[in-house]
Amino acid sequence: MAQDPTPTLELRLTIEQVSSFLDEAFPPSARASLGEVESLALNHLRMRLDPNESMRRPGDIVSGPALMALVDVAAYAVIAAHHGPEAMAVTNSLSISFLRACRFEAIFAEARILKLGRRLATIDVRIWQRTEDRLIAQSTVGYALP
Amino acid sequence: MAQDPTPTLELRLTIEQVSSFLDEAFPPSARASLGEVESLALNHLRMRLDPNESMRRPGDIVSGPALMALVDVAAYAVIAAHHGPEAMAVTNSLSISFLRACRFEAIFAEARILKLGRRLATIDVRIWQRTEDRLIAQSTVGYALP
Amino acid sequence: MAQDPTPTLELRLTIEQVSSFLDEAFPPSARASLGEVESLALNHLRMRLDPNESMRRPGDIVSGPALMALVDVAAYAVIAAHHGPEAMAVTNSLSISFLRACRFEAIFAEARILKLGRRLATIDVRIWQRTEDRLIAQSTVGYALP
Amino acid sequence: MAQDPTPTLELRLTIEQVSSFLDEAFPPSARASLGEVESLALNHLRMRLDPNESMRRPGDIVSGPALMALVDVAAYAVIAAHHGPEAMAVTNSLSISFLRACRFEAIFAEARILKLGRRLATIDVRIWQRTEDRLIAQSTVGYALP
């Protein structure tokens, strides 16, 4: 039960700035597997990932680690959008429930901040396909802020 | 990535039936610490807990285990409401993030089903005080269905 | 990936001091449900809990929340033993897997520190009955240090 | 609290068979990032991963998702070794605590089965560098068995 005073949540970056921030934070060989920021609003960032062949598993499903990487980058992006890009957050913990097989087609991740404290941010990320009701996975991610 | 076909979610119990089910499922000495069902709708159950002295910790906060017990019963209740009371679900896993200190006053828990499969149910439970925006904790609970 | 320098792990309290610390930290009505410290060594604290009636569930099993409370106190105790009692740690996150039904008989919890950083401690707690091989639950707990 | 009867744990594959199983289970483009099985004994499988450039992050650390992929494959491999390769297990849940920054050098993962039930397997995976005492991450993974 962290007792940090909670800063007021406000957007500090535009969608273009978040995208540039991700392009700089990841090496090009990794960046391509992490999807694109599709929309950004107060406490809501959506990413879209079109899976590539290295993510394909038997039965034409997308691998769990590909989804965990998407969760991680979506959480990172929503923190950057609301905390600013100057400082590097590092993943502290991640818990994910896989709910349905992920088809080999467009994947969407919705990231929302549960708490942005001074030292820790906690993010809810939900992955879906086709409609938001058809959840593929839910994850809660803790990021340590510097 | 469970591949269970997902049953259509529908309410199978009334709020009175869920309350009776909880009264029978827990011994009276435990039941009193678990709060009351305050509202029930499709895929949404709210419980309210007024903390008792055994839950008080230094600084007039409510203990973490009291909140975990509330999470667990709220998840159990929302499953019973949508799955029916005949069979006993057992907690399989629980992951919780404590976001703010819980004051010694009324506590609310919102339980929503992320996936109700044939063998596993995954539930999102959020605990708040005063306003729904002031989250105290978020938890994801897996229940095994018999 | 927290980058705290890791303090060298050393015992700072005796088993009697840890027990007194717990007696003071919890109200008497809660303390009785939390078990006793049975042994303490460098990076290893064992608690024993004899369940009481309020923990009993149908089928003569011990409730999940009783086990979560035991996990939480064992983690708290092992931190106090190695960090000292002056400061109050607060639970930040807890993840637990329930592996087998817990019989209504003596329960043991083994707590070991995975990392004691400046700001966060991460603890592994395992619950067993009869023999250490028969695990009832495994939990990983994060505590924020003040 | 799953009530599955627990099968007796015994090795059903050799280290060479586990390695072949992984080579067949993953596409070549993914397999190279997942490390090699270095040792196998009853309830203990060790993998080694030498990180590649796509895993490098600022500060010469290895990315969290690369570690999560290693955790996932180590859990999968230890299940195959003890359950047999005929059936495909799918990740059901994964919870990971990142304890220290992972240097850009050899990474080791130790996977041990906490419970191999009929329907669910729960695996403890620990990642370390240089010495087993210097833990980089701890993860608990649930796999659904078909």
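Per-chain numbering from 1; labels A, B, C and D assigned in written order.
Heads up, the rule we're going with is that a contact is a pair of C-beta atoms (placed from the backbone, for glycine too) under 8 Å apart; a residue touches a chain by one contact, two chains touch by 3 or more.
This is a predicted model, so every value here is computed, not measured.
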Same-site or different-site touching of chain A by its copy chain C, using the half cut: same
Distance between chain centroids, defined by C-alpha means - chain C, chain D (Å): 26
Intercentroid distance (Cα basis), chain D paired with chain B, Å: 32
For chain C, residues contacting two or more additional chains: 1-3, 64, 90-93, 95, 97-98, 101, 142
Chain contact topology (line, ring, star, complete or other): complete
Residues of chain D defined as touching chain C within the complex: 1-3, 6, 61, 64, 95, 97-102, 114-115, 117, 122, 124, 135-138, 140, 142
Residue numbers on chain A that touch chain D, as the complex places them: 25-27, 29-30, 53-59, 63-65, 68-69, 72, 88, 90-98, 101
Complex contact set, residues of chain A against chain C: 1-3, 90-93, 95, 119-120, 142, 144
